[in-house]
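Chain lettering (A, B, C and D) follows the sequence in which the chains are written, and residue indices restart at 1 in each chain.
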Amino acid sequence: MVDLRVKIGRMTLRNPVMPASGTFSEGLARVFSFDHLGAVVTKTITAERRGGNPTPRVAEVGQGMLNSIGIPSKGVINFIDHIMPEYAACSAPLVVSVSAPTAEAFADIVRQLNVPGIAAIEANISCPNIEEDGKAFAMRAKSTAVVVDQLRKATTLPLWVKLTPNTGDVGAVAQAAQDNGADALVVANTILAMSIDTETFRPRLGSIMGGYSGPAIKPIVLRMVYQCAQAVDIPIIGCGGIAATEDAVEYMLAGAAAVQVGTATFVKPNAMLDVVDGLTRFCQRKGIAKVSDLTGAVLDRGMTVDQLEALP
Amino acid sequence: MLSAPPVEAETVEVAPIEASPAFDVADTQALVMSNTAVNGEYFHLTLAAAGLAMNAKAGQFFNIACPATDKDLPYLRRPMSVYRVVPSKGEIEFLYKVTGAGTRGLATLRAGDSTAVLGPLGNGFELNPRWKNIVVVGRGVGLATLAPLAEMAAERGIKVTAILSARSRGLVMSVERFAASGARVEVVTDEDGSSDPDNVERMLLRLIEKEGADAFFTCGSNRLMLLLKRVGATFQIQGQVAMEQQMACGLGMCFCCVRNFSAPNGTEQRRVCVDGPVFPLSEALSW
Amino acid sequence: MVDLRVKIGRMTLRNPVMPASGTFSEGLARVFSFDHLGAVVTKTITAERRGGNPTPRVAEVGQGMLNSIGIPSKGVINFIDHIMPEYAACSAPLVVSVSAPTAEAFADIVRQLNVPGIAAIEANISCPNIEEDGKAFAMRAKSTAVVVDQLRKATTLPLWVKLTPNTGDVGAVAQAAQDNGADALVVANTILAMSIDTETFRPRLGSIMGGYSGPAIKPIVLRMVYQCAQAVDIPIIGCGGIAATEDAVEYMLAGAAAVQVGTATFVKPNAMLDVVDGLTRFCQRKGIAKVSDLTGAVLDRGMTVDQLEALP
Amino acid sequence: MLSAPPVEAETVEVAPIEASPAFDVADTQALVMSNTAVNGEYFHLTLAAAGLAMNAKAGQFFNIACPATDKDLPYLRRPMSVYRVVPSKGEIEFLYKVTGAGTRGLATLRAGDSTAVLGPLGNGFELNPRWKNIVVVGRGVGLATLAPLAEMAAERGIKVTAILSARSRGLVMSVERFAASGARVEVVTDEDGSSDPDNVERMLLRLIEKEGADAFFTCGSNRLMLLLKRVGATFQIQGQVAMEQQMACGLGMCFCCVRNFSAPNGTEQRRVCVDGPVFPLSEALSW
């Protein structure tokens, strides 16, 4: 038998497959049992009740989609009282994604979540930092350092930090997160993008721009996982365009210890289960005893990124 | 003008979805039995989908994978209302209008092909056994959603009057099907001006006066929905409307499909896929 | 008749359609006449002879491709003596793309190109700046300012500056280019990406990472054009995933004055001509007299990018 | 062992492509006449493509758009060697092995479909009218590239000996076609060990001794190419090799398809699509 277990810091997951925040909810329990998953990750919650963006909130673009859901949230109290109980019977560890507009508010919400039943915190620091110029914390190493430091002081739970791909320097951001106490990185959130209806001349999303996700973004985020794996020692959870077993393998080869499946679940609700089963078959066929042996196993020895030529 | 009738409106209890009803949604590959053009714009698709799909009822929908073609590579699935379920054959039917990338792809399916379907999804129409007369007002592709409702009502001995609206006579869908279910059918078209809301309002008022109406049902036109809301409010006739919104997951996960609804304290956003697609007419807002 | 002419600074182009650097060469003259194009843009040349990257240099990924061609070049002298004459008979203006590893070397090569027959310079500043940390000039506003300033002093030709999408702050970079004398911006080059063969565990490109291009990147680069259009007043030439008329229209609506077609030409060699013809038909159908009226015509009035929610 | 024969090798002048020969490459939609499985791995595709395509000659290729399927969405075109041109019917044929996304897509084409083709591309094989005997050595899908060469040689009165290599007898392609052109055919396989380079070398030496060889032609195997290079160098027999490399444009624009070749001053990179795909054997390097 193939050993599918993977370690993310001090947590051991049954297998490396989990949902991406915001692409998963109790509704999926009508299709399959969450007990098959490595972990469950909630939609990002905020301290207060929030509305979310105007519609249309979704646009299909090529092999992917744009979304401008925003972070509608009923607040942290509602989460603890009403959403958490729904996951109580589920054997997969519950990872709670949180967000806030300031480092202090981030620390606050994390403190409130210091309750039994939560296995880890995923800090979605791809959201704007209103104390600086509104740019997402994770766009710069400095603001990442500040917010992760506060988060680390606010919780003893494992702290996963979710990065944004909308930065020119993901390696430095990853290092700042590690240096300030992150237990793992999630790489990455959606890529800021846009689409315009050429018949009506109107943006196809109600909030003009939105986040690009799905298979189309995989080569970009995969590159970032590879870069982060070279910059840090903490585990990386790859997330971006994973739809099938080979995609998960590709991310693990690049350096991911585990993976999150997002948009693919909308198109193939059983995608996560397929990947779990597929990983077993893949490892069997290749004679790999432990799926964790795939992590970082890309054969890039002797190859070099030609600094002068990688960017045309 | 009529004054409001003295009958008191009854509240239909739309059963909320249970927290985690175990595996009542099927994610399955369905065989195409047939897929034929109905007229210049509409196609009729029949899939073999025994199992959970057979539980589908009027107003519910499936999220259907649409094939890639030379020109189009639809990525997301497309929600399609249940047009008919034939349990004896294990078949489920859809009626769709060829509009964009997804439906162009669907139209290339041939008998013997298969495609992935997820469902049944959402909440269907609810009928109160005490009702005697209902009025169904639909337009365009909305008629696909309403057609099975007429049969459901007939099975329960509820009399149906169907006002079917379209651009032209040639494009009115399902007239025979409504008629076969025993419904009284009135066709209104843009062509002869009869689809004008003022005219439809006159028809409704006549109906209410003559035999009363216990509930209104509608789908496919914002103008008709607003008309029914207004008339319904005046006469305290409750109603249900099946709504559309762009979707991704169909399962309540993505929050793409929200619309505003009137709620006790102002407006409230609800997801069309799991909180609907059938909503109380009184709470639905213009789109 | 629809007026297809567009102005890029003091140049007037016959139509807004031209090739993207590196995706075009004399070979295409075997398929159609370049006289139909708004301009021709050469593959990037460097001062010295250069080799280019190891093979494989191309990998198909979804609706796009990765390339790691690098910038093989036979040097500027060879260009002037042997390549330029091949374009002499062509009525479309010749835009020469150049690159160099330092701001000074950039100025040098541009000075050498001060010869008749060249209509404009396109400075490919997406290449690494070896004087700093090897990051591309166009990744930061500061290094952009320095190199554009030197280029501006070195030539009186129209100066187009080509930006990279591998930055977290394309608006600031665009402004730095404008403030230091760029006549136009080309937005943008390829997105750094990666792919791994899950059978062999080897990177699918000989140099591990490469540039992602094609339809898949359109929504990302379109967003950047929109952001740049809000940051600067000089014309923007949109480039990224344009394959059909609607793509060109979408870029113009977002703020582009002209467009470059790259990878699409590999898949549909006549793609540029199709876009030229398609723009005429599009404008006719919509009752638009001048194609330049499309520039920036997106109907975004009253809509706002929700700073707090645009990034999930 | 034989010593080098005293004949002096002649240099074939491979005509360089003119700077801009006007529009000699067609970008066109071609109708599929047939597309049939030849054996478990190979398909034979016939396209109607009158016009420029009719100028195609042995060794040249087309860049072919491959349809999307349920599973694959090939984006780039795929280069395919000209297998046969039938000017009388305006048809052009290809032989391909189903390997990955592109060829899986190609295999779904049916008579009556159409697909986009670009060509003819690259430089084909060159035959010197003074030659009497040539030896063609190919393996696997390389035989598709070499088959039309045998006919071209026959037309010019050049005698062809073809050594066709494959894993097993069942997979040797085009034996009849080579034979019909008048070529003497020798089949060697991995199955019976006859495809071993040492054995092929013995066959070559016998041939050279018996009737001489004016030129070698090869495609499809690095090992066989190296063998021919060595034997050719020893006996001063020139040769031509058709090479493959991943391509994007096929027109010399992208520089994706470079390989190293030996040049007067060390090695030099050349584009397989425009500088080849047929190269002098003496300059080709191991891949």
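Everything below uses one rule, namely that contacts are C-beta pairs under 8 Å (C-beta built on N, C-alpha and C of every residue); 3 or more make two chains touch, one makes a residue touch a chain.
Note that the coordinates shown come from a computational prediction; the quantities given were computed from them, not determined experimentally.
Fewest steps needed to get from subunit B to subunit C, stepping only to touching chains, is 2.
Distance between subunit A and subunit C, defined via averaged C-alpha coordinates, is recorded as 32 Å.
One finds 37 Å separating the Cα centroids of subunit C and subunit D. Averaging C-alpha coordinates per chain places the centre of subunit B 60 Å away from that of subunit D.
For subunit A, the set of residues that touch two or more other chains comprises 22, 52, 61-64, 67, 69.
Subunit D has residues 73 in contact with two or more other chains.
Chain contacts in this assembly form a single closed ring in which each chain touches exactly two others.
Screening every pair of chains for touch gives A-B, A-C, B-D, C-D.
If you check the complex, the residues on subunit B that touch subunit A are 19-25, 27, 65, 73-77, 101, 116, 118, 245-259, 269, 274. Listed in rising order, the residues of subunit B touching subunit D in the complex are 67-70, 73. Partner subunit B is touched in their complex by these residues of subunit A: 22-33, 43, 51-52, 55-65, 67, 69, 72, 86, 214, 263, 265-270. The part of subunit A that touches subunit C in the complex is made up of residues 22, 44, 52-53, 61-64, 66-71, 101, 124, 126-128, 130, 134-136, 139-140, 164, 166-169, 189-196, 198, 200-203, 206-212, 215-220, 222-223, 226, 246, 249-250, 253-254, 282, 297-300, 303-312.
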